[in-house]
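Dropping the structures in below, format is structure tokens.
Same chain, two partners: subunit A is paired with subunit B first, then with subunit C.
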Partner chain A sequence: MIHPVLLIAIPLFFAFLLPLISLWSKKSLPYVTTAVMGLNTIIAILVFLEAMKAPIFDIIGGFQPPLGIVLMVGPLGGFLAMIINTAALIISIYSMEMKKEPLLKYYMLTLLLLMGTNGMVLTGDIFNLFVFLEVTSIASYGLASYNKDLKGFEGALKYVILGSIGSTFVLIGIALIYSQLRTLNMLDIARRLGEMDPYTKIVAFASLFLGFGVEAEMFPLNTWVPETYDGAPHPVTAMFSSMSAKSGIFALARVIFTIFAFANYLWFVVIMGLLTVFFGEIVAYVQKDIKRMLAYSSIGQMGMIIMGLGIGTTIAVEGAFFQMFSHAMGKALLFIAAGYMIYAAQTEKMSEMKGIGRNPLIGIPLLIGILSIMGMPPFIGFYGKFYILMGGFSQGYYAIIALFLAASIVEIAYYARFIKIVFQPSTKNYPAPRSTVYVPLILFAIIIVLFGVYPQPVFEVLKHVAAFLAGGA
Partner chain B sequence: MEIWSAFGIFVLVPLIGALLSYLARKYAVYLGLIFALVPAIALYPFYGKEMSTVVNIGVKLNLAFDVTTWFFMLMLDTVALASMLFATSYVRKGEGGFSTLMLLGLAGANGVLMARDFLTLYIFWEMMSWSAYILVLRSSGEYARRYMLFAVLSAYLLIMGIGIYYYYTGSFLYSAASGIPLSGWAWILLFLILGFAVKMAVFPLHVWAPYAYRSEQPFVAFLSGGLSKLGTFGIFMAMYSIAGVAILQGFGTFRSISLFGYPFAVLGAFTAFIGTILAIFQDDLRKLLAYSSIGQLGYVMVGLGLGTPLAVGGALFHAFNHAFFKAILFLGAGAVIYRTGKYRISELGGLGYRMPFTFLFVLFAIFALAGIPITSGFISKWMLYEAAIEKKFVLIAPLMLIASVGAFLYCFRILYGVFLGQLDKEHENVKEAPAPMLAAMALLMLPLLIFAIFPGWILKWINEILTGANIGTLKYDTYAYYSSIGGADMLVFWITFMLLFMISMYLFTRKRKVTKVVDQYDNYLAGETPPYVQLHAAHNFYKPLRDTWAPLLRYSVDRAYEKFVKFFIEGFEEIKKMYTENPQDYAAYLGIAFLIFLLVGWWLL
Partner chain C sequence: MKRAVAAILAILIFIVLGLAFAKIPFGNVNLEDYHYYNPIQDKQTSDSVPAHYLKEGKNETGSTNIVTAVVVDYRGFDTLGEVTVLFLASTGVGSVMYIFEKEKRRKVRRANAVVETASKLLFGFIILFGAYIFVHGHLTPGGGFPGGAVIASSFLLLYLAYPKFHAEHKSLNVAESLAGLTFVGVGLIGLLVASYFLYNFLPFGLPTYLFSAGVIPIIYVAVGVKVGSELTGIVDAMMGVRE
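Moving on, here comes the complex of A and B:
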């Protein structure tokens, strides 16, 4: 049996081994990091296959739960870990484009980010969740300001302020729970939730909801997103949207379903999701910079996932998890493509990028990514969106879905505008993409098309959503 | 097993063709032609077969093949074949995109026709939409967004309908429709019909069409001739196959017409009227044809809305005819544009002398469009008129008749402006369109002629569809159809026509001996050297008519949409101000959010 703790231990170990390796050979750093991520991906796949049979409870240090720390890997957690590691692996290929020093710190922070996000989706202990959230956040703060320019610092500073307020709230929530129940194990908390004082319970829930909402880009806690995404180096932006955001939303799902099963609070989650979609898509429409547009679009997509979670029926949550997958793949692709475009056009302005997609190595994956994000079949973006909407209908949220669709049309509008600019004929000559750019793009595109045409494996995983909703791992 | 062969031939073969023609760019157009040929030919043995299956790709695709599917596939696949044939000489060699996307669109369209549950329908519908979007993007990038927005609007209207259906039945299957209350049906049908009507470009959802139809002409022929029929198919399925006549009648009736269908019939008549009026004043040949397409599909909408056997039969027949004659017209326009590079009617003229075969085909298509009896266009239009007159609808029937007169006006415009009149000097050396183009148009002309002589053949298929959907039966035989107020007997017509034709031919040939065709300058000029005089009066055509209509033409749905969008974008700018880029504000948002979370929590406690 493979221990899921390896997914956390390996990146952590190598993160602190990297300085030693850099003494020996500085050039090998990217390759070592990629190799570590590859190893992690393989382990994640093995863990996931194991977890599909039965949830894994990996007990750490020999203390039995609820006293000891435990890793709780259900099929969905394993699925998410697999997505995160795969995305990290593919993005790490693009990371080889990074030339700016200090590269050692960059790769250390990337591995720490991977470790933190893995920990967040794997842990079964609420305090551990906080610790991993902090690791993720601190690594993110460092990466966000990595460019050492004004934009980077500004974005990172806002992230630091909001992120630390968020984690403080998480800590408060955990403290409140612990003060009443004297336990930190999620399943244990869920079982004994009835013993809590109802008012404390609400405060604890609101705190955790807010804290993880910051990571999950929920409205109005997502104000850091555009600037941080804009200021961060391009591979880091891709990582934020496909790794930390996904772990944040999974933590949110844990809070909503595994820990507190508040059925009567769910409609409020739907409304928050709808507001997130609305503001994300609408503000994305008026953006002129490509990365900002994609950042706001990312907010919109996360809002859709939050909506799916809030609707709370099996089909909607299935959609939400599918959407996590498709968004991780699609947005990472788009951010990588955006990175290349900014490099090639030497500006962030979309209006200056005429004809950049006419090179098929960029254009075709880009088109596939955008169509997937728009929710067009047969790409993976479709199933998530459709299932979330159908889940909403089955609960009778007609008006909310109609508003959501209206916001979605805005999304189509700005993506179509973007496509038009990128594919229109132009005389400008852009440098050809290097293999470090188009290989990850094509890999993501292949995943998007493959699972879009044949989504059976994903639906096989999503069969476990019902158990997750019932409070399982 | 058999359905697998159907699924394979009609969906998978075009998909494989799409992939291959992308990989082998050099032979893309020919590969496209071959892979469009396979479904178009293989269709014939499938007539009359009924089968169904479930394909599981993780979601279950319920597919079936019956006579309705077959009937619509007949027009779609034939038009696609003709378009691909035309494209072999139209599209630049070595370009993969065109065939790939056309075949993707074809696979999507065939999938829509075979789908028997809403999820499958939606998957194929969207596939068809985005491949068409990229095709529009290829040539008229400026307006691709408009197409996409309306395509997505149509998809989202469908989603609303599907969702409400799902709420009541818990299933996506068409056959699961039971126990839905009438109010539920009203919403489901409203959303579904509006969603499909976008594809049919029904007023006021038509504004995408005139712009999208300016793309590459072989694609436009497929878009207007083929893909728009999916709207017809969808509305037919939604109203008569999924809901059924009993439910439609349950909404109450007006002269035995469902009160639910009647407004759509009026909308259709109105669309026919508006489309025709706007078509009359266009100078861009492609835009003229686009508005004409909108108008013609309005007729189809009338038939679908009225719902009597005669009306629905007429609608299906007219949809069939429209697929072919509009494809010929767009291909003819394509041939003209290919040879001259011009698309403004006022800049063309006299091309009939240089492109006689193109002229012949276009002329025939125009006969079909205008409903002149030597083509099957007459029968379908006559059926629709009779359906409206039979029930004494004083709003619908006159609107349709006015639209028909208008159709003569714009048809004349095409004939005179493009093919007759004086040949422009720079077009002296224009050659006839290449053989594949002519072959494509000839192929499309055949059914129009055959079904004008033997309308009974097609009415047999339509009758099978109608009885299958429990609408009723048509009264017809091989040469004629009959209705309570008359019908049309093509045998009588053809005999009379032939007689009159021979007489006039005789007179004409006699008269010809005294006519002498002379050159324009071959006349008395009093010794002056004449300058070149442009005698082709195509500018400001129908000016008196335009002046008469001016007060009405001031209103434009296009501009209304633009204003609507502008209003919203200004609003978006305001909303953007929420992101102040000031961390203090952001921290305050967090505090406010926490308070709201708490309050809601307490309230729910």
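Moving on, here comes the complex of A and C:
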């Protein structure tokens, strides 16, 4: 039997080992990191295949839950862990572009970010979830300020303030639950939720929702996103959108469905999601800097996922999970492409990037990524949006559907404008991309097209959403 | 004006929070025993989790100090996470405070003779005390975190007394890495031996003796060394280059 705990232990072990390796050979650090992430991806695939048969319970320390900690990996958790590890592997190829010192700290922080996000997705214990939330967010603070310029510090400081308030709220929520139920295991809490004082239950839910909302980029807790994404190094931005945001949203789904077992329409989650979509898409429309535009667009996409979770029918939550997959792949691609464009055009202004996409190595993956994020068939972005819409439609929430589509039109408008600029004929000469740039772009594009044309395997996974909604692993 | 608005808003927030938390009972109002539910074996017991820790803690972990039993054994995975959090904090500080060659050096005055002499005398004793705290973590109150903090405070004393003092980065990093590897390594050995990560695979021995509680003392020594070297590293990074 394969142990999911290896997904957490291996990156941690190598994060501790890297300082010793760097004494011996400093040049091997990026290759070791990539190799570790490759190993992790293989283990994640094995864990996922095992979890598809039956949920895995990996007991830590030999104490039966709820006395000890248990990792609880269902099909969806395994699926998300696989997405996160694959994205980390592909982004780590782009990370080799990183030249700024101290490189040792950079690779340690990326490994620990991977460990934290894996832990958040895999754990079945609510306090353990908090610990991994801390690991994820503190690794993110370090990476966000890595450039050591004014923009980086501004973004990191905003993130530190909001992130610490968020994790404090999570801790308050956990303390409230523990004070009443004397347990920290998620399934144990879900089973005995009825014993809780109803008032305490609401306050605890609100605290947890707020706390994980910061990491999941929910309005109005997402003011850190644009500055942090803008100021962070380019590979780190890709990691934020495809790793930490995904683990935050999965933690939110755990709180809503596994712990509190809300199985029907949650109006205020839907409204928060809608507000997030509108805030993100409309502000993205007026942005002139490429990374800021992508950051706001990322907020909009996360809002769609939150909406899908809030509608709460099986179809809508299937859509939300599909959207997590497509957003993780598509946004990582776009941020890597944006990193190259900023490097090639020497500026962040989109108006200065005329004709940069006419190099097919950049242009074709970029076009695939944008069309997927816009929600065009036959790319993976289509299914997520479509299923969220279907979920709302089947329940008759026409007003919400109309607003959702209106926001999508805004999204299409600004991405179309971006496409027009990037593919315009121009006389400017841009430096050719190195293989560390175009290989990850092409890999992401292949995944997007492959699962867009042939989505059956993903739907096979999403069949388990019904069990997840019913309070399973 | 701005300040007045901010103050009023802050007061309002505190009133709302106060009202929200006023209705919530903290702690056990009715002292009836809770029960818990084991999701894997689908069993319900008539015992609460804290009561189980108090009753069975000594037998199941061999640790005399029940707090240590919970922190290192029952919830050892959380402790591994917390150690990682501190490791991250020190790595993050090291990355943010990274000193480039060109940066200018700060001038520092010498401390007076009393501080210099006394810190030399105290240094060894403080380290000894810190080591005692984490070595006896499974027997008496204390453990890896406070012990490591005490050790780091002895280095802080040296930094304050001697302007030119510098802990060597390489040895700090090596100590930190080896301690971390020990913790994860113990966990992985447990995974190999009993297929439980962080399993307490050593014999428990007699409670209340130094060599008891299986792997708990090993983990606490590792945590102590790790916390000590990490906090020293943070102090060192924040002091900057001095002359």
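A few notes on this one:
Assume the second predicted complex is superposed on the first by the 469 of 473 C-alpha atoms of A that agree within 3 Å, B and C clash if a C-alpha of one lies under 4 Å from a C-alpha of the other, contacts with A are read in each partner's own complex, and residues count from 1 in each chain.
What we mean here is this: contacts are C-beta pairs under 8 Å (C-beta built on N, C-alpha and C of every residue); 3 or more make two chains touch, one makes a residue touch a chain.
Everything numeric here is computed off the predicted structure, so don't read it as measured data.
Look at A:169: by the touch rule set out above, it reaches subunit B but stays clear of subunit C.
Once the two complexes are laid over each other on the shared chain, residue contacts for A:416 go to subunit B alone; subunit C is not touched.
Of the two partner chains, subunit C is the only one touched by A:64; subunit B is not. Legend: residue contacts after superposition of the two complexes on their common chain; A:139 is shown touching subunit C, with no touch to subunit B. Contact with neither subunit B nor subunit C is seen for A:42 once the two complexes are overlaid on the shared chain.
Legend: residue contacts after superposition of the two complexes on their common chain; A:382 is shown touching subunit B, with no touch to subunit C.
Residue contacts after overlaying the shared chain place A:199 against subunit B and subunit C alike.
In the superposition on chain A, contact of A:405 is made with subunit B only, not with subunit C.
The interface of subunit A with subunit B overlaps its interface with subunit C at residues 199, 203.
By the touch criterion given at the top, residues 1, 3, 5-6, 9, 12-13, 15-20, 23, 57-70, 101-102, 105-106, 108-109, 112, 115-116, 119, 127-128, 131-132, 134-135, 138-139, 141-142, 145-146, 148, 176, 179-185, 187-188, 191-192, 197, 199-200, 203 of subunit A touch subunit C in their complex.
The part of subunit C that touches subunit A in the complex is made up of residues 20-21, 23-27, 34, 36-41, 48-50, 52-53, 60, 73-78, 80-82, 84-85, 87-89, 91-92, 94-96, 98, 100, 170, 173-174, 176-178, 180-181, 184-185, 187-188, 190-191, 194-200.
In the complex of the two chains, the subunit A residues touching subunit B come out as 154, 157-158, 161-162, 165-166, 169, 198-199, 202-203, 205-207, 209-210, 213-214, 220-221, 223-224, 226-227, 262, 264-265, 268, 279, 282-283, 285-286, 367, 371, 374, 376-378, 382-383, 386, 389-390, 392-394, 396, 398, 401-402, 405, 408-410, 412-413, 416-417, 419-420, 423-424, 453-460.
Those residues of subunit B whose C-beta lies close enough to touch subunit A in the complex are 56-59, 119, 122-124, 126-127, 129-130, 133-134, 137, 141-142, 144-145, 148-149, 152-153, 156, 159-160, 162-164, 166-167, 170, 569, 572-573, 575-576, 578-579, 581, 583, 585-587, 589-590, 592-594, 597-598, 600-602, 604-605.
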